[in-house]
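Next come two complexes, and both contain subunit A; in the first it sits with subunit B, in the second with subunit C.
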Partner chain A sequence: MTQRVAIVGIGQTNHSGRRPYHNDGEVIYDAISAALADAQLSIKDIDNVIIGDMELFEGHSLNDAMLLDYTGAEGRSGFKMNTGGTVGSMNVISGWYNVASEFSDTTLVIGWEKHDEGPTTSAITTIWDPAINRPFEVGAISGLAMISNAYMTRSGCPLEVGAIVRAQASDNAARNPKAHLRERYTVQDVMSARMVLYPLNLLMICPTSLGACALVLAGEKKARKINKKPVWIRDHATAHQVTRGMDFMAEAGKIDTSMTVTGRKIFQRNHITKPMEEIQVFEMYDPCAFCQPAWLEEFGLCEAGQGWRLIEKGVTAREGSFPVSPSGGTLCTNAIGDTATVRVAEAALQLRGDAGEHQVTREVKMALASGYGGMYWTDLLLLSNTLD
Partner chain B sequence: MKAKPQLELIYLDMTLKMPFKWNTGEPLGEFFRELKANEKIYANQCPTCGRNYCPPANICTRDHSRCNEKDKWVAVGPKGTLLTFFICEQSFLIPTTGEMLEVPFSVGLVMLDGAPVVLQHCLQETDVEKIKPGMRVEAVFKPKEERKGNIFDIIHFKTIKE
Partner chain C sequence: MPDRVGIVAAAMTKFEAAKPWQHLAELVLEVTDKVVEAAGISLQKDVESIVSCSQDHWDGRTISSMPIPDVTCGHLKDESKVADDGAYAVLYGAMHILSGDHKLVLVVSHCAESHTDGTIIENWSIDHIFTRMLGLDYTLAAAMQARRYMDKYGITPEQFAKVVVKNKGNAKKNPYAQDSATLSVIDVLKSQMLADPITVMDRKPVSDGACAMILATEEIAKKLTDKPVWIKGAGNCYDPHFLGDRELADCDALETASKKAYKMAGIKNPVKEIDVVELSEYYSYQELLWTEGLGLCKRGEGGKFIDSGKTQLNGDIPVNPSGGLLSGIPITVAGMSRVAEAVWQLQGRSGERQIPGAKLAVAHGCGGICGQMHCVLVLGN
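On to the complex of A and B.
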């Protein structure tokens, strides 16, 4: 009893820094309405609702119950997904399990965040072990700064590569009306931004955005009837990694990270031997400017030490041979609980050819989308526009 | 529906202030007792796969073996080598105290001498020009009467020349 699963409806709000006249539910409702309209369905056609939840970010718990009127989940099955930074992709993966098992025919998946309501970085600081790490961490930025520093030391990647990544992202985001930070920056602009956590300056870290993203998933029996351009979830993989004391860093560069594990699983299971040729675009959850170079290597897309060289050569640009985060990515838009859902949504738009001005120039048949968080946990999804 | 900007904006102010008592569990409690009583930093090793942990682990995260036998713990540090670091230049709210972070504030991951383990703690040095991965550092302890059996029994790691 299994069926293949497709994304048949995609909806996103515009992302911004503040939306003071609207509450959480009103933001979510906009994305759900857009996704249902895209699928030409009504909430009556949905049988299962999965909503992402980031504890403490908006100062309350049990979001699935509090927001029931807006999500339309009353009388339907479903649950909240609560895995930290990977919430946005884990809710898609959970939707996949529900539909693939034929438990549900049509599942609505919701990722959202409203960062203007509280001190996000402080809330994130509570993810760290209270006895060992918490006093020495500043939200998620501190861990990313240490990972970035270690990557630069290990690989010889210069600081300027982070600025190239951010300048490229800004050009992509300028083309994407749903993105939050849409100003274009040069490499020099990025290099001269105010320092927040060395080596990461203000432009090298993701913003705190608000917005929501909803997807409608359907089984293969229904998918083609609902949408002429279904996007298939071909495979997905998840890996966790211990972060107590950040002790995995003692073996950094020598052991498999959660990226390595998920990349290897996806490529092996799908007989992909040349991922940068067989896959045409990657919407990566890239919360700081050094994630792209480091994680291209860790996901197994290129050799160790080559990630930053590919970026210098323009390979990952929107018009490059392997575009990464052509939407502008997490560096320009980060409503955390919706960030990984947006990665899946944007990869799906690229596969449909519906990404508008930020559509990549190369023909897209297969795409990757990732989620990250936790800390150092990874979800990786492989999507395609055909079942061949 | 677009809100009219002249509308009065109504917010509900809300502050969460909730006390917790967090149990350390066995090996971490013993790690802190040793830090407080003897200025010793301990690490341990999984008997099955050999992975190293500081503070000592109860259960190996790699193979799920129990590895908390005190007689097999090894003292590590107080000297070590800096693996990576950050320097925080912008102040943020500390969720556990409600106070703002004093900046600049630098933190390093230190590979402690004696076992392939890292300990995360503050660095005394906050000047980026004077912090380099690979440099040698040493833990500075509080005087005995001020130690409480927590991670702050170590004040910071200072730069040393060898």
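On to the complex of A and C.
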């Protein structure tokens, strides 16, 4: 009693910093309308709706129930997920469970966030343990700075690599009409930006955006009828880890993290021995510029210490042999609850060949998408455009 | 749904008005320890995946599941959180197994309502453009629903009070219950009025606690216990959000959810086939309304149904032999504790409140304003 699951509809809003004339529901409605139009379905064809976001960001409780006039969940089944930054990909995984277990045939998955409506950093600060870490760590950036410093120390990665990552991302985002920050920057521009928390300057961290992304998932039989280009969710893995702040970073590179575990699981289960050859594109949830090199290594895509060297060689650029986040990634667009859904959506667009100007030059048959959040928590999804 | 997901064991904390000596994670630790011992498994080796249920606003913490891996041996394991009622987490856990992705899942939920003012959180769950600033909370909304129910079907406050008398009476036989009492209908009617017709006794008290259970594939469940409980059917559904868009005296979403669950379980005549019902009545009138939605009686006959005595502990179809939510269960834990009570009934572990020979049980969870969303699980042994 299990069926294979495909993405048959993809919809995204344009992302921006502010949309004062639209409420949360209207932003979501835009994404849903686009996803349904892409699948050539109407809301009547949907039997299940999965949504998720960070409740303290907008200050709504139970917003799956509250925003239902916009999501179309009335009279349908569904529930709300919330796992922090990974919620966007967790929604997709939850949709996968609903369809794979044959509880639903067509599920609408919605990731969204409207950061202009609440104090994001205050809300993020509450993720830290109230007794031990909360007095010392603020928002997301303190953890990201530690990740970056730890990586630079252990691998010898120079500061300029962060600037290369951001400059590449800016070129990708300039080609992606859905991205938030679309200005092109040179490596020099990035290096001269204002320092926020060493080694991260203003351009090396993700922005606060707003937007929504919706996907239509369907079981195998239905998917083949609905869409000529279904994108299959081949596998997914989730790992959450116990951390008291980022104290474990001192050992990073030597110990298992949520990334090493999910990467190993996905590659082993799918008999992938040379991931950078067998997989052609990776939409990574990369919230700061040093995440790309560090996490390429942690996911097991390359040897330890090689991540930043690959970036220097241009391997991860849009025209490179292993493009990472060709949409511009999280560095240019970050509406947290929607970010990881966008990673899956963008990987699926690459597989369909529908990414437009930011389509990678390499032929794509298999793609990875990741979600990051919580206390170094990871979701990893493997997508493909065929089932062989 | 074939007998493929088995519930091996369930555990709860004792529910209390406040548990200031326990950190939220310690509530989860307590039930996790209990359920792992009851199931006779190793938390580290056997549990592949953890599904938790809690809500950020109630915990005052973005990602309220943050400490869950700490207390469930969840380091580098698959953990995820459903942010509605606990019954949905059980359903999501079952999907983990039905999809073939996992073989053994730990499901937990926790909430300490005493930590915060729930009426504010309820207000934050109401549409922020047209309704929130009216200051509506769930009790005020429930009063409107109860009033509409009375007006449309002639149900009386005395019939609501009978639910309180029955459930608080049943709770005396439940060692986990927070509030129990021998009451008369007059006692309830005379208690302090909150929002007409809802008195302080008609409303679920503030409560702290947690609940956990172990779900497994058919093969593993049979190995682990000689009393596995099978999830035979499940359904969930949303009603509209705006109260004006709904006929508050009926519960369409619950009817849809229960029909789906019954169809999956092959139930044709619910009132004859089902032996025991554990449902989520946040307010006394809801038990009457939900029995209608669950198809145990016709629309508008919830009042007559309680009058008939069939839902009493010794009746034909006992409803909430545990004492229900009126005996004190926190939000999010509510639906999961209903499932746990139903599991114990089917395993014959309910002590004084045991329904002899129970074979088929229905557990119900709901959430949102005036019970906007419902989840129904049919369990059998």
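In this text, the second predicted complex is superposed on the first by the 385 of 388 C-alpha atoms of A that agree within 3 Å, B and C clash if a C-alpha of one lies under 4 Å from a C-alpha of the other, contacts with A are read in each partner's own complex, and residues count from 1 in each chain.
Rule of thumb we're sticking to: a residue touches a chain if its C-beta (ideal position, glycine included) is under 8 Å from a C-beta of that chain, and two chains touch if they have at least 3 such contacts.
Being a predicted model, the structure only gives us computed values, none of them experimental.
Judged by the touch definition given at the top, the superposed model places A:145 against subunit B, while subunit C stays out of reach. Subunit A is touched at more residues by one of its partners, and among subunit B and subunit C that partner is C.
In the superposition on chain A, A:52 contacts subunit C only, with no contact to subunit B. Using the contact criterion defined above for the overlaid structures, shared-chain residue A:238 touches subunit C, although it does not reach subunit B.
With both structures placed on the common chain, the touch criterion links A:37 to neither subunit B nor subunit C. By the document's definition of touching, of the two partners only subunit B reaches A:135; subunit C does not.
By the touch criterion defined above, A:123 reaches both subunit B and subunit C.
In the superposition on chain A, contact of A:304 is made with neither subunit B nor subunit C. In the superposition on chain A, contact is made by A:196 with subunit B only, not with subunit C. Of the residues of subunit A, those at positions 56, 59, 123, 126, 130, 242 touch subunit B in one of the two structures and subunit C in the other. Within the complex formed with subunit A, the residues of subunit C that make contact are 1-2, 4, 55-57, 60-70, 74-84, 88, 91-92, 94-96, 98-101, 121-122, 124-129, 234-242, 252-253, 256-257, 260, 367-369, 372-373, 375. Residues 3, 7, 9, 11, 14, 16, 22, 24, 28, 32, 52-55, 57, 61, 83-90, 92-96, 101, 105, 107, 109, 111, 116-122, 128, 133-134, 150-152 of subunit B are the ones that touch subunit A when the two sit in their complex. Listed in rising order, the residues of subunit A touching subunit B in the complex are 20-22, 56, 59, 119, 121-123, 125-126, 130-139, 141-142, 145-147, 149-150, 153, 194-200, 242, 244-247, 249-252. Within the complex formed with subunit C, the subunit A residues making contact are 1-2, 23, 49, 52, 54-57, 59-69, 73-84, 90, 93-94, 96-98, 100-103, 123-124, 126-127, 129-130, 237-242, 256-258, 261, 373-375.
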